[in-house]
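The data blocks that follow each hold one structure.
Common to both upcoming complexes is subunit A, partnered first by subunit B, then by subunit C.
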Partner chain A sequence: MEKTKVSAGILEKKYAALIAFGIIAAIIPLITPSIYIIHVLILAHIFVIYAASWDILTGYTGQLNLGHAMFFGLSAYVVAITNTMLNLPLLFSTIAGVFSAFLLSLLVGVPCLRLRGPYLAITTFSFSWILFLLASSAMIWLSGGEEGVRGVKTFVVGSVPNYYLSLVLMILSVYLLYRIASSETGLILKAIKEDEDAAMACGIDTTRYKLLAFILSGIFAGIAGAFYAQYMRIVTVDVVTLELSASAITFSLIGGIGTIVGPAIGAYMLTILFEGFSWLADYRILIYNLIIVAFVLFLPGGLISLKEKVNKKRKMVIGNDRK
Partner chain B sequence: MIETLLSLTINGVLIGGLYALAALGLTIVLGVMRVINVSHGAFYTLGAYFTFLFSIMLGMNYITSFLLSALIVFAIGVVYERILIKPIRKEELNVLILTFAGAFVIEEIVKFTFGPRYRNIPPYLSGTVDIPGGSVDIQRVLSFAIAIGIVAMLFIILKFTKIGKAMRMVAEDEEVAGTLGINVDRVQMFSFGFGAMLAASAAALLSPIYLLYPSMGWDPLLKAFAIVIFGGMGSIPGTVFTGIIFGVAEVLTGYYISPTWKTVVPFLLLILIISIKPTGLFGEEE
Partner chain C sequence: MTENDFLKVIDLSKHFKGLKAVDEVNFNVDEGEFLGIIGPNGAGKTTLFNLITGFLKPTSGRIYFRGRDITGTKPHERVKLGIARTFQVTKPFRKFTVVENVIISALIAKKQGKIQEHERDFAMEVLEKVDLAHRTDVLAENLPHGEVKKLEIARALATKPELLLLDEPFSGLTGEEVETLQDVIKSIHKNGITVILIEHVLKACMALSERIIVLNYGKIIADGTPQQVCMDRQVIEAYLGKRGLEFATG
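After this line comes the complex of A and B, so read on.
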């Protein structure tokens, strides 16, 4: 009885934090005159979806994906190319983009189902690397290389409408991913991560669930990529780089891998911080990566694990009082 | 026609031998420590820049520079393993992230030390050898010979020396190796340094052929990844054979299809192979 009360309390707290964030996020455009700040926040919203989608596959299911940018990038390119070159209406381009990410998740997922550990990591890496090589050199006639594909149409014009659109999209996506992760499906995914053989022995069709994780991961990253394409109105090689794949991992690590919320927080904070540190210019990448090294060594659970640590300490203090 | 093909193939083999050398370091670290070292490419970069430092900036001869840079990178690898990898070695994902970030840190340090611009090391040996359908640089032949020499040495070390046997034992079963009195930590530290040294030697041999720049390590890293997976993890003959196949495939694609596709082909081959046989061409079934 007491236990349910406690968990209800935590639940309320969680929602309170979410609602508080929602309110603050909703009024930001009303109080800031800076289009630049709005722009950075829109990017943050996009990367939140991107990081959370990586987490469902790698953080939850334990399938090491080192090339997450491929889903984001392919979707962005397909939206841009179908919209500008084939003159498809944006809505159809968007559907095509997300669908292409879905197809890619099958293409990558199916051979990867049989792979484990380093094999899987390197194969996902290779897939994204191929996409990068195609976009940056071999198929430059289609991708435009560094110049990119320009002139993509937008759903809504202006920063503020895009801000709200991205906010809604982000909250919806993270909510959905979080619900899936906390459902029975999420539990099975976690079981696969902990011990795939044991999960299989329990009668779980691990292949099916792993493929599901691949598909979910691909689709949500595709949504993020499609939104990015229509917001930026230009798609360049940046969307399939190693750096972008790496940032999915970085965001999640710093927020807290395997929690969906953690990577979301990590992506939000880091995108803003990274822009905030632009005055460091040349030293930015160095400092950024030193921070990651420090996190891996000293706080591998990410920021979200700080909360648990504080809670534990608090409990210990209460325990001492009772003595 | 046939002669062109032959000369292209020879060129491919010569380059492929050096790719194999770069990949061997990765496969040793994978085998002995079961971690993916994404910093492997950064050690390659360091090897190339140390060779540049000694041979061009300090004016030493090529062989001395080569040996010095290999030794220094070995030492860096040992320290890197001790300070950064050892505390977290059990967490596969964390090692991956750390070595990824570590690669960028090394790259940035190289950039600040040597500048972002392209550098080149002139050939250490000039002259050509005639082969059917054309000619190849003597330097490439010699580099290939050195690479094969290093591989042979590696083979002997693993087969006959104490440290080599310990490495194989740890690769086979860490816990059993520990109970048999092998200092697993030390063997792994040594293997990591050794892997870094192999990357540096490959870089030193390739640097008179390719340009030097701070982010030069990513391409050989990815190639090494592909070679290791393609050839089956932990298999030295598999790695060497695959390295050579990749070299030949690259040169042939560059000539017959288009130069921009030559970097894509190895990865397409990799995905094809891995879809058919998940443990690679020479890997043992689990």
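After this line comes the complex of A and C, so read on.
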């Protein structure tokens, strides 16, 4: 009985933070006149989904993915191309975009199931590199290269409606990923990350679960990419760059890898910081990277580990009381 | 081939680029038996284990479990059929607590309908059996070596095996730890689980095993009761060399 009470308390606390964030996020458009700030926050929402989707495959399952932008980028391109060139209704374009990310996750995931460590990392990197080359040169007739695919339709018109739509989408996506990660399935994924041979010896069909992680990761990155395409109304090679793949890693590193919520926080804060200091011009890239180095050196668990440290101290105090 | 054959290994070979790690090995294990496998370093014991548990594919030969050909099946499928193992070099889930390590196996066993109770309760039962119940919430990476060895066994037991393969469970343990672990393994066997044990600690192996197979250069050179095997000239020669054999036999 007592046990359920305790866990209910933790739940309430978790939801309290979420509800507080939801309320603040919901009233931001009401108090700021700046469309620019709203725009940055919409990007932050998109990158939160993107970072959390990277985390389920790499943070939870331990399959190092260096080319996460491929899922985001392919979905964005498919939405843009089917919507503008094939004149597909946006809803169908969106479904096609997410579906293409799903297919790509199978295409990349299946050969990657046999690979471990650096081999896997190189393969994911190569896939995203191929996609970048296709978009930036080989298939420029389709992608428009730097010019991009223009004139994508939007679900809702204007910054504020897009803000609320992205907010809802972000909360739903992160909630779903978090629920999966906290379930039995999440524990099994973590076991695979800890030791794949031992996981097999426990009876886990590691192939199946790794593929599941690939698919989940691909689909949610695809959702983020599809939303990005309809919000920006233009898709350029930016969506498949190495920088975007790398940012999935930096967001997660700073937030706390393998926690879903950590990468989400990291993506939210870094996107705002990066855009907010755009007046620093190229110096911000320097500062950005110094921050990353500082985190790797001094807080490898990311921002979320600060909370755990506090909790641990509290637990120790409680433990001492009992004695 | 009859349904009564528990484990049957036929002409099993594994070659690594010309090295015959396991070379045309044949043996049967009966249900409820306690089989020891000994042999000098590099004799192919662990390779044989990896073949039986599906972690390696044989170059040739077949493996039958309860009359079923399992040669091409994957490790997790063999766990489902009831074959569990531990690793010589322990592989705990380091960032998991002790009970979480065992819950993973219990979760899978529950999905397969092998256990009815809650996976956590079942994991606790198993931890009691290997004398680790007092360590439930300790992170696996903080356990001393002797207890990691027990944890490996607990994780294997939580898959509800009928056949348990233990790869050097006593290595690196103190004399006292060897004795307690020996009791644990004895009671596991008493509860009806067939055990195959690879061991370098010959004293423990001799005390536990009803039958012993001796491997040398990938081949079986002796198969019999511990007493028979100890007296075998080939076995003594494998361990001590020709001159050692002359010395031992006077």
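The definition used in the following text is that the second predicted complex is superposed on the first by the 305 of 323 C-alpha atoms of A that agree within 3 Å, B and C clash if a C-alpha of one lies under 4 Å from a C-alpha of the other, contacts with A are read in each partner's own complex, and residues count from 1 in each chain.
Heads up, the rule we're going with is that contacts are C-beta pairs under 8 Å (C-beta built on N, C-alpha and C of every residue); 3 or more make two chains touch, one makes a residue touch a chain.
Owing to the predicted nature of the structure, the values given are computational and were not obtained by experimental measurement.
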Fit or clash between subunit C and subunit B when superposed on subunit A: fit
Subunit B versus subunit C, judged by how many residues of subunit A each one touches: B
First (subunit B), second (subunit C), both or neither touched by A:A201: second
Subunit B versus subunit C as contact partner of A:P300, first or second or both or neither: first
Contacts of A:L64 with subunit B and subunit C, given as first, second, both or neither: first
Subunit B versus subunit C as contact partner of A:A191, first or second or both or neither: second
Subunit B versus subunit C as contact partner of A:L290, first or second or both or neither: first
Touched partner set for A:T123, first subunit B, second subunit C, both or neither: first
Closest approach of subunit C to subunit B (Cα atoms, Å): 9
Parts of subunit C lying in touch with subunit A, wherever the complex brings them together: 53, 55, 74-76, 79-80, 84-87, 91-96, 100, 103-105, 107-109, 112, 155-156, 158-159
Subunit A residues within the subunit B interface of the complex: 58, 64, 66, 111, 114-115, 117-119, 121-123, 125-127, 129-130, 133-134, 137-138, 140, 242, 246, 249-250, 253, 257, 282-283, 285-286, 288-290, 292-293, 296-297, 300
Touching residues (chain side subunit B, partner subunit A) in the complex: 30, 34, 36, 84, 87-88, 91-94, 96-98, 100-102, 104-105, 108-109, 112, 218, 222, 225-226, 228-229, 233, 258, 260-261, 263-264, 267-268, 270-271, 274-275, 278-280
Subunit A - residues contacting subunit C, complex: 184, 187-188, 190-191, 194-195, 197-207
